[in-house]
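Beneath this line is the structure, given in structure tokens, with notes to follow.
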Amino acid sequence: MDKILTLGRIAEIVGGELRGDAAVEIRSVAPLASAGPGDLTWAVDRQHAARLSECQASAVLVGSGLENGHLSAVVCARPDLGISDVLEYLMPPLPHPPVGVDPTALIADGVTLGEESAIGPRVLLQRDVAIGRRTKIHAGVVIAAETQIGEDCIIWPNVVIRERCRIGNRVAIHPNTTIGADGFGYNFDETHFRKIPHIGTVRIEDDVEIGANSCVDRGKCSETVIGRGTKIDNLVQIGHNVRIGENCCIAAHVGIAGSTELGDLVTLAGKVGVKDNIRIGNRVQVAACSCIAGDVEDGQIVLGIPAKPKSEFFREHLAARRLPKALDDIRDLIKRMKRLEAANNQETS
Amino acid sequence: MDKILTLGRIAEIVGGELRGDAAVEIRSVAPLASAGPGDLTWAVDRQHAARLSECQASAVLVGSGLENGHLSAVVCARPDLGISDVLEYLMPPLPHPPVGVDPTALIADGVTLGEESAIGPRVLLQRDVAIGRRTKIHAGVVIAAETQIGEDCIIWPNVVIRERCRIGNRVAIHPNTTIGADGFGYNFDETHFRKIPHIGTVRIEDDVEIGANSCVDRGKCSETVIGRGTKIDNLVQIGHNVRIGENCCIAAHVGIAGSTELGDLVTLAGKVGVKDNIRIGNRVQVAACSCIAGDVEDGQIVLGIPAKPKSEFFREHLAARRLPKALDDIRDLIKRMKRLEAANNQETS
Amino acid sequence: MDKILTLGRIAEIVGGELRGDAAVEIRSVAPLASAGPGDLTWAVDRQHAARLSECQASAVLVGSGLENGHLSAVVCARPDLGISDVLEYLMPPLPHPPVGVDPTALIADGVTLGEESAIGPRVLLQRDVAIGRRTKIHAGVVIAAETQIGEDCIIWPNVVIRERCRIGNRVAIHPNTTIGADGFGYNFDETHFRKIPHIGTVRIEDDVEIGANSCVDRGKCSETVIGRGTKIDNLVQIGHNVRIGENCCIAAHVGIAGSTELGDLVTLAGKVGVKDNIRIGNRVQVAACSCIAGDVEDGQIVLGIPAKPKSEFFREHLAARRLPKALDDIRDLIKRMKRLEAANNQETS
């Protein structure tokens, strides 16, 4: 971190209002709990703001009405977005290959390279691959025949993309991820599994980001689709023929089995498993470590194994915690019942 | 998809009986719900077949007795296998490296290459590696010393296979997978973990397929074994000394801990976790997201965390759903009990 | 396995006491159940030792007081450590690149290479990377600008390490693992996700081992930290800003979400998920397939989804198994209650 910003400059960057000393120097950004001199911190709510008086930061980015006199501040509508703006300014340059083709890259016949694209060392582009303008392909990436990649993409090192895939603009794919491997499909033929050929492909729309060491399998006879703006974390499995909508958020270790569809704005927290051939509606939210075994309607918040609506889950979950006591109650009731029955029998006899 | 098949040719390919126009042209294959003109679809049961009348496909592959008059059809015993046959014909050529050794591949002393094998760009074959006939090794693959790979295998890009492993014939290993890394074994030595050397290896038998970004660890002092015909999906972890039988089917994100044994024809659905040092019998089936904590006998269907037999799981699962109501019942019983007891006491007093 | 050790030599290696024939030849090591002639086996407790009489091994390494007359033996305090010593002697050489720089490696300006370091084929070291003495960088590894790696490390093939990371001494990172990719962080900006720049890094301390196909994300504005001596298995996800203490043990498929802290000596079994922004205390142990949703105090043993203390988990788990019977009891109580109430009403009427 060699760059330095003054607080005055930060007010300009985030389009905020300066409260305090414009000359304060900011070298980095840090959360409230660990910020020290030279750091800019941020506070998005009253709870955060209450802790500012103990904070050692040099300045704070706060929402309107949250500033206190303790620290020099910049007030802005969305401190979370403002911090991202500041981080962008502080960020050292990314280690992209320079524009042009590294002499160790292998470029087959029919490849087209957009203006200002950057093809790193030891990249392999097979025949008829197309790379868009300003796209960066890092070292060791393998892109198979006829795959097309749009503009302003970043394909990080050692990613493998199989043949005939379509990747949009401003897509980032992190290291060691595999796009377009065969789906996991077999017919059982009396004594053994017989592979189903996968002639389909993968389509990744604009503004998608896919983490490291993830897998998106190609379709059996059509496309596996990742919709525009969707963000996928590390170590995620997307099965063949899956169709994911726009602006979904899919955390690490999620697995989505074949031919399932997700709507738009779906959030799957870490380690969620989703059954094959089902439909998850728009704006559905699924808690971590859940397993979805059937269709989920628009807007539902679900959790559990198998996943159920939040209210139902918590009713059953709380009930389960009261179960040991309930079993004692039952034992007690049986005893008292016997006593009463005995007393009644005596009376009536 | 540039290939075109006539329906008459498809009847020959699948060994089926033509019902309708032999000249119908088929360009691709699609499931009932999305098939359109130029597509061949398929129907394997009465439920499927009932939806054929609304289907826009140009023709259908159906089981005997399921054809209706609506679409030109080919009747065959196993439409699912027939579709695979057709997909094989329609499949564009795979992007394999050409036969021979790419000039950028590094081939150490003592390596033997079978006839018609294909060694792609930037492959590293360390000393004494043996590659069988017609086997294809894709770009960026690293195979360490003394490993042997059989005939007709496909090792996709950027796979890493460590030293002294044995891989059979017709094995496919998808991109970015790691075979033969050290097992996760340490002795705790008072204040720290001390690594246990792993001098064992991995043996992968004929006709195994392993997905992308998966890991098969080497044995501690013997072999980790993947039995003949077993199919493994993406992002799967197979621990050291694990022994998997024949024709098993292991879905994405499954993890099998060290020294566990699986019989033949075992099915583990996605995200199943299996404890170390246990035995899973033949033909066992495990539902997605289950965790197996002990031995499972032949033929069992198990699920849950920890996994239990299906009937037991569902009995407890249904009971759990009735628990909130049961707690109300108990509260009510206690109230009524008190009332009765009070009444009885009054009488007897 | 071409090396042969005599039992006498083994007694020297492990610092143990010979009981039997010093000339017995040992070719390999095997557990009790599968050991045969030429093998050394081991027994760490009475249960193990009881099975020695049926064992076909040529000799046994046993704890004091456990030897029986059946097999030639070496007695030592910790047979588990002794076996590791023997495995180290039997281990064939690892397939490391030779000392020096492979002619196909790409070494940018400002890179420093320690004495006796070994840089394998097709490695890419970007500008200002520093590699310590005797460290081995295997084929296909990509290390981005300004990253520093200590002494005696092993970076296995196709690992990717992003810019500005700090890696200590005696660290091993297995194939296809990704260190320092961007954390999964976005701000939702009305209609879409906006990427949060990740200007932080990763710090991996001395004696850490990280398995194959795992991911350690870089911090947002500070470091993601893996503490000294911690061991991480395959396919593990460590989120941005996570801080893991010393000598932790983290099994396959574990995922730890952003900004969470682990103390020292924490054990996470396979497939454990850990929520973001929480604190796991020292010496905490978590059972396989658990999901930790809140802070855990020092020394706790927890399990379940969500994880709870062991005693609480088992009380609820056992209660759940008794629930179907309890529901029958309730039905029965209700019936009997009605009967009693009817009888009482008759009396009082």
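Odds and ends about this structure:
Per-chain numbering from 1; labels A, B and C assigned in written order.
Quick note on the criterion: a residue touches a chain if its C-beta (ideal position, glycine included) is under 8 Å from a C-beta of that chain, and two chains touch if they have at least 3 such contacts.
Predicted model, so just to flag it, every value in this text is computed and none were measured.
Subunit A maps onto subunit C through a rotation of 120 degrees [Cα fit, steps of 5, range 0 to 180]. Interface of subunit A with subunit B: the two copies contact each other largely through different residue positions, with under half of all numbers used appearing on both sides.
Separating the CA-averaged centres of subunit A and subunit B is a span of 25 Å. Residue positions 122, 140, 158, 176, 213, 235, 253, 271, 305, 320, 323, 326, 330, 333, 337, 340, 344 of subunit A each touch two or more of the other chains.
Remark: subunit C residues 106, 122, 124, 126, 140, 142, 144-145, 158, 160, 162-164, 176-178, 181-182, 184, 186-187, 189, 191-199, 213-215, 217, 220-222, 235, 237, 239, 253, 255, 257, 271, 273, 275, 291, 293, 305, 315-316, 319-320, 322-323, 326, 329-330, 333, 336-337, 340, 343-344 touch subunit A in the complex. Across the complex, subunit A meets subunit C through its residues 1, 28-31, 34, 78, 80-81, 83-84, 87-88, 90-92, 94-95, 104, 120-122, 138-140, 156-158, 174-176, 207, 209, 211-213, 229, 231, 233-235, 247, 249, 251-253, 270-271, 288-289, 305, 320-321, 323-324, 326-327, 330, 333-334, 337, 340-341, 344, 348.
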